[in-house]
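You will see chain A twice below: alongside chain B first, and alongside chain C after that.
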Partner chain A sequence: MSVHPMIAALRKHKAGVILIAMQIALTLAIVCNAIFIIYTRVDNVRRPSGLDEANLFLVTQQWVGAPSGDDPDSIAKLDALEREDLAALRAMPDVESVTPTNSVPLLNSSWTGSVALKPGSDLRGGTARTAFYFGDENELATLGVRLVAGRNFTAADVVNRAMRDQRQPSLVIVSKALGDKLFPKGDAVGKAVYFNGDTMPTTIVGEVERLQVPSTSSWSSGFFWDTTIAPIRLNANFSRYLIRTKPGRLEAAMRAVTPTLYKTNPMRVLDDDSVKSFADIRSDAYRADIGMAVLMGIVCLILLAVTAAGIVGLTSFWVGQRHRQIGVRRALGARKIDILHYFQLENLLIAGIGALIGIALAIGLNMVLIKNFEMSRMPIVYVLGGLVVVLLLGQAAVFVPARRASNVPPVVATRSV
Partner chain B sequence: MLGYYLDLAVRSLKRNKILTALMIMTLALGIGASITTLTVLRLLSGDPLPQKSARLFYPQVDPNTLDGYVAGQTKPDATMAYPDAMNLLHARRAKRQAVMALTQAKIIPQHANEHPYFSDGVMTTADFFGMFDAPFQYGGGWTADDDENRAALVVIADFLNDKLFGGANSVGKVIRINDHDFRIVGVLKHWAPQPRFYTQDLGSRDYGDGDGVFMPLQTARSMDMGPEDTECYASVTDVEHLELAPCEWLGMWVELGDSAAVTDYKSFLDGYVKQQIALGRFKRSDTALLGLMGWLSDQQVVPNDARLQVYLAFGFLLICVVNTVGLLLAKCLRRSREIGVRRALGATRRAIFAQFMVEAGIVGLAGGLIGLLLAELGLLGVRHQPADYASLAHLDIQMFLFTFVVALVASLIAGLLPAWRACVMAPAPQLKAA
Partner chain C sequence: MLKMTHLSKVYRTEVVETYALRDFNIDVKEGEFVAVTGPSGSGKTTFLTIAGLLETFTGGEYHLDGIEVSQLNDNARSKIRNEKIGFIFQAFNLIPDLNVFDNVEVPLRYRGMKAPERKERIMGALERVGLASRAKHYPAELSGGQQQRVAIARALAGSPRLLLADEPTGNLDTQMARGVLELLEEIHREGATIVMVTHDPELAARAQRNVHIIDGQVVDLAEDPRFHTAYTAAAGQVRG
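And now, the complex of A and B:
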């Protein structure tokens, strides 16, 4: 089939052709950027925290009338309060393991610092940034992270320290990502590092496979997997306990934990947010991402539907207008399939032109988004995917009116002339 | 004449119900989406203190070392260290000035059987209330002398007063916060600026209900209450005495009467920094004095997602308008015979143009009406989001009217091309073809 007469025919419908092409171009530009946004958000949400997340919950509480934590005596008192809580929690029937902790992955509460290979480096100019987790010998087991090199903490490693004590830990376990960043040969275990510009060395005793930093915001994206676990029980006017329950006993343990803690010591603040399952922490952390992905998805679907409806509308009109020409072509020997192909090819031509403009628009839109919204460059595969989608959409939308056109009987040509 | 056009338009729209419904729904979807996102954006980027924002400024200085410093390109830090905040505060070079930090206040109820709870607290200085026009229900703020004397005074918010004292005048009563007794000197009326501009970079309280308790900074610090956010610019050995540590944790606001006062204050700030450089405390000479709205945009307080959604919605509306143009054009060209007859019977081009614009306008108004319903639905969805601004998402009268303006403008733009095509059509060939 020659394209030439088709182009000649389209010249008579400039407005319609431009409108369809424009719509396809805009749809392509928005849809492939939207799908890229969906992909980045879903990718964020799907990255594993490194934790065994089932059967895990977190309790955050604050003491009332607690000692100040400024002198050794009151620090000892705070530590006694904390150990009393830990003992009570460990005695609960549904609990498997408990650790005190300062934060957990996906929780919006971070303690970050720098690591350097030399003593006394500038605080902001260390070799790497890292987020700290402080816990006792049960921290690894409770988090459910896997040790891949070196050893776990023992009860003898664990010290208690006031929240404001600025001394660095004498030994730590780091994530493999951080270990490899500091020691690219992969031999971090046993090496000495310096935290926060300190001159006292800290020894790396072990490496865990993977452990995410607490924050999920963009400021932490540079050191997302670079974490450090220190065997320190922090003493402050608040405490946080991460609790792993026996399989399937999460709800029962969460219900029992508030009464247990109040029974141990009623002078504390425990409110609605104090007891949180890890599933809730995860859904809170990523709620905005998921919401955005769903919204983008809905918008894409509606957009495609609207564009398809527009194509059906305009093509139907063309078919109605060209009834007689179609009759003439049929009378001169064109088969039904020829008429069908004619409209399909015509749509492919218009959609193709639209899609070409759309590719340019999509890339332009992506650049605007990179500039204004800290987004990354869209891989070309999204544009190609979008191209296929709009071309198929055009073909699907044109099929019904084209079928109607192919059913125009040849006799129409001879009638009413 | 308009009545006749309306009649014609309704008849024509009724003739092809599916096409009409499609046009109206397309337009409604586009309008619903853009009004929803725009309402949220407007809510988020609004002026928290419209009567005062032009006179409020946020001074910044930079105590960092020269590491990574590029003259003229490095922004000063968002918060201040204690000595600088106090020096600037005591200089009293602005009409009013206050420094502030956020804290978690642990409120201990009088009744033994109630459990203690947290309330958002602000540690600040005397001018805070007057400078920010915080309205009092009972009593008032404290004085600069109270600040220096570390008086255990507190101003509480209306919701806390309702909770603790059933809304009665509680001035003079004592409440226990973080294990210390505070005497109430004032109770605020409802006061929750959106966004909570004075908390920027001091903690994560952007929108939502206001703060619960306001305490003199030095008093709260002497009772060991800590700021929510601390950023240290040098190695720290002692964070207990934050006042002496190389750490930034205070925000400062000043009220300046006119632009001359702003220029004066900026040169005062520059002079202060030069003096600190001479003393060897500072290395960098950059300062900033942003106005309230400038500070909010510098802090990017509006979430990126909200802005992205507005982009998306308006892209969507654009496609909807293009689509409506196409459908209206198809409808109009199909009626070329009718137009030919009308023209032959004496209708002017202007009359035909008007007729088609009226038809487009009806589609627009119908689309706007349904779009309004969709926007209400969308905002209902937003209110069920967990974001702290969610409960504020309501369509106000301005946005309500704006919806119809958008709908009408969108549909009239969509109608222009078809109407023009209709009115330039020569009547004779159309009649001949019949």
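And now, the complex of A and C:
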């Protein structure tokens, strides 16, 4: 079947053709970008944290009547309370490892700063940004991260630190990503770095394979894997304990942790939100991403459905309008399949025009999103995928009215009405 | 060329059966120009639609160019329509979105003919009807007579064995009708078999043979006093 007479015929129905082609173009442009956003969000959600997530939970609690100052006496008292808790938690039968901590990946509670190779560099002059995790000698074992170079902390390395204490740690373990960023030759261990513009050097004593920052927001995307673990026990009137249970004992340990802590010291606040499994932390962290992905998915489906309905509507209208013409074609020798193919090819032409415009719009929309919303460049495969989707959608939508057209009997050609 | 024997066509509804054709017999020889006449509702258009394989029939036999068509499927009927039959309709039935050239090309495309042969046949057919210079015009830009000439060119382009014309001058004024009729006569003189349905006795009189249908059956006018006067008088006037 030749397209030349078909194009000639379509020229006579410009308004309908332009409307459907533009609808297809907009659908392609929006669906491509929406699918790319969905993929980006889902990819974020599925990013492995590098932790033993299945057996981890976090307890955040606050002591009642505990000192809140930064003076040595207050720190000593707070440290005693924390050590008492840690001892009780480590004695629980289902617990494998516990560390005090300031934050954990995906918690969206970040301590961030700069790290430089020269002393006194301010934030802007920092070589890299990093997120800090504080913990004791059990931090790595509790997180479940793998040390790939250097050594772990010892108990002797761990120091106390008050909330408002600005001193930098004397030694740290960094993620391999941060180590390689600072020392591209891969020899970060043993090197000195300077945090937050300080002039006191900090020595990198080890590298862990993979550890992401607490934040899941887009602002942290530039240093998502650049983390620093410091051997610090933070002393404040609240504390966080990251607890790694024995395999399969997570629920039992979570049930037992509140009574255990109350038994150790009843002067504390522990509410329903105080004990959180890592699965819940992950779920909370990515709720917005998942919600956005679902919303985008629904928008895509609605758009595709509206476009399909538009194609069905226009084709049905044209079938009605050309009822006699179809009968004439049948009388002149067209088979049913010829009529079916006629409408399918006609739709392919219109959808093709729409898709070409849609490709340009999709790329343009992506550029706008890159410029204004820090989105990354959409790979061409999304555009090609969208192209296939709209063309297939067009063919599926046109099938029923086209089939109805193919069933118009040739005798219609002889009817006067 | 066209032979129907004891053919019947019944339209059935839940409550009534209507015989459009009943024990219908006709034999059109190759090269004949036959006019089929009859009053409104007599069954002439039903005869034409069945003859043109546009509709199926209920009983009897129909041989077209030696082929018994009752058992043919839709595709085979389409192929015969395309290759053996040329249609000329009262309402011309040109496709308004296509120009004259593309309209004449429609049946040739369904035959799967190569472009150079199509072009040769189309221009040949348009020259024959005197409209080669209007190939790029659209139907709306032509007069009724010209549109019917395009329809005749479309029917001729495929070199059909049988031309079926349904009131070919019904929508034309006298002058245009005369031109179309002369064209049909010329085509017939060149050897084409033409079956023309009309209720115009003057037009029927120009045909080689008249077949009259009343109540779905072929009747001999000489033996049927109801229509004898009207048709024979008109025929006599034309022939005289």
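Heads up, the rule we're going with is that the second predicted complex is superposed on the first by the 405 of 417 C-alpha atoms of A that agree within 3 Å, B and C clash if a C-alpha of one lies under 4 Å from a C-alpha of the other, contacts with A are read in each partner's own complex, and residues count from 1 in each chain.
We take it that a residue touches a chain if its C-beta (ideal position, glycine included) is under 8 Å from a C-beta of that chain, and two chains touch if they have at least 3 such contacts.
Quick caveat: nothing in here was measured; it's all calculated off a predicted structure.
Looking at the shared chain after the overlay, A:Ile370 reaches neither chain B nor chain C.
Once the two complexes are laid over each other on the shared chain, residue contacts for A:Ala8 go to chain C alone; chain B is not touched. Legend: residue contacts after superposition of the two complexes on their common chain; A:Ala334 is shown touching chain C, with no touch to chain B. Looking at the shared chain after the overlay, A:Pro409 reaches chain C, while chain B stays out of its contact range.
Annotation for chain A, partner touching more residues between chain B and chain C: B.
Judged by the touch definition given at the top, the superposed model places A:Ala192 against neither chain B nor chain C. Once the two complexes are overlaid on the shared chain, A:Leu384 sits clear of chain B and of chain C alike. When the two structures are aligned on the shared chain, A:Gln166 is found in touch with chain B, with no touch to chain C.
Residue contacts after overlaying the shared chain place A:Val64 against chain B, while chain C stays out of touching range. Counting contacts by the rule stated earlier, no residue of chain A appears in both its interface with chain B and its interface with chain C. Put simply, chain A touches chain C in their complex at residues 1-2, 4-5, 8-9, 12-13, 324-325, 328-338, 409-411, 413-414, 416. Only residues 15-16, 19-20, 22-23, 26-27, 29-30, 34, 37, 62, 64-66, 68, 70, 108, 122-125, 164, 166, 196-198, 268-271, 284, 287-288, 291-292, 295-296, 299, 302-303, 306-307, 309-310, 313-314, 316-317, 320-321, 369, 372-374 of chain A touch chain B when the two sit together in their complex.
Here chain C touches chain A in the complex through residues 45, 48-49, 52-55, 74-75, 78-79, 81-83, 87, 89-91, 93, 95-99, 102, 105-107, 109-111, 154, 158, 166, going by the rule given at the top. By the touch criterion given at the top, residues 19, 22, 26, 29, 33, 65, 67-68, 106, 108, 115-118, 179, 204, 224, 232-240, 303-305, 307-309, 311-312, 315-316, 318-320, 322-323, 325-327, 329-331, 333-334, 385-387, 417, 421 of chain B touch chain A in their complex.
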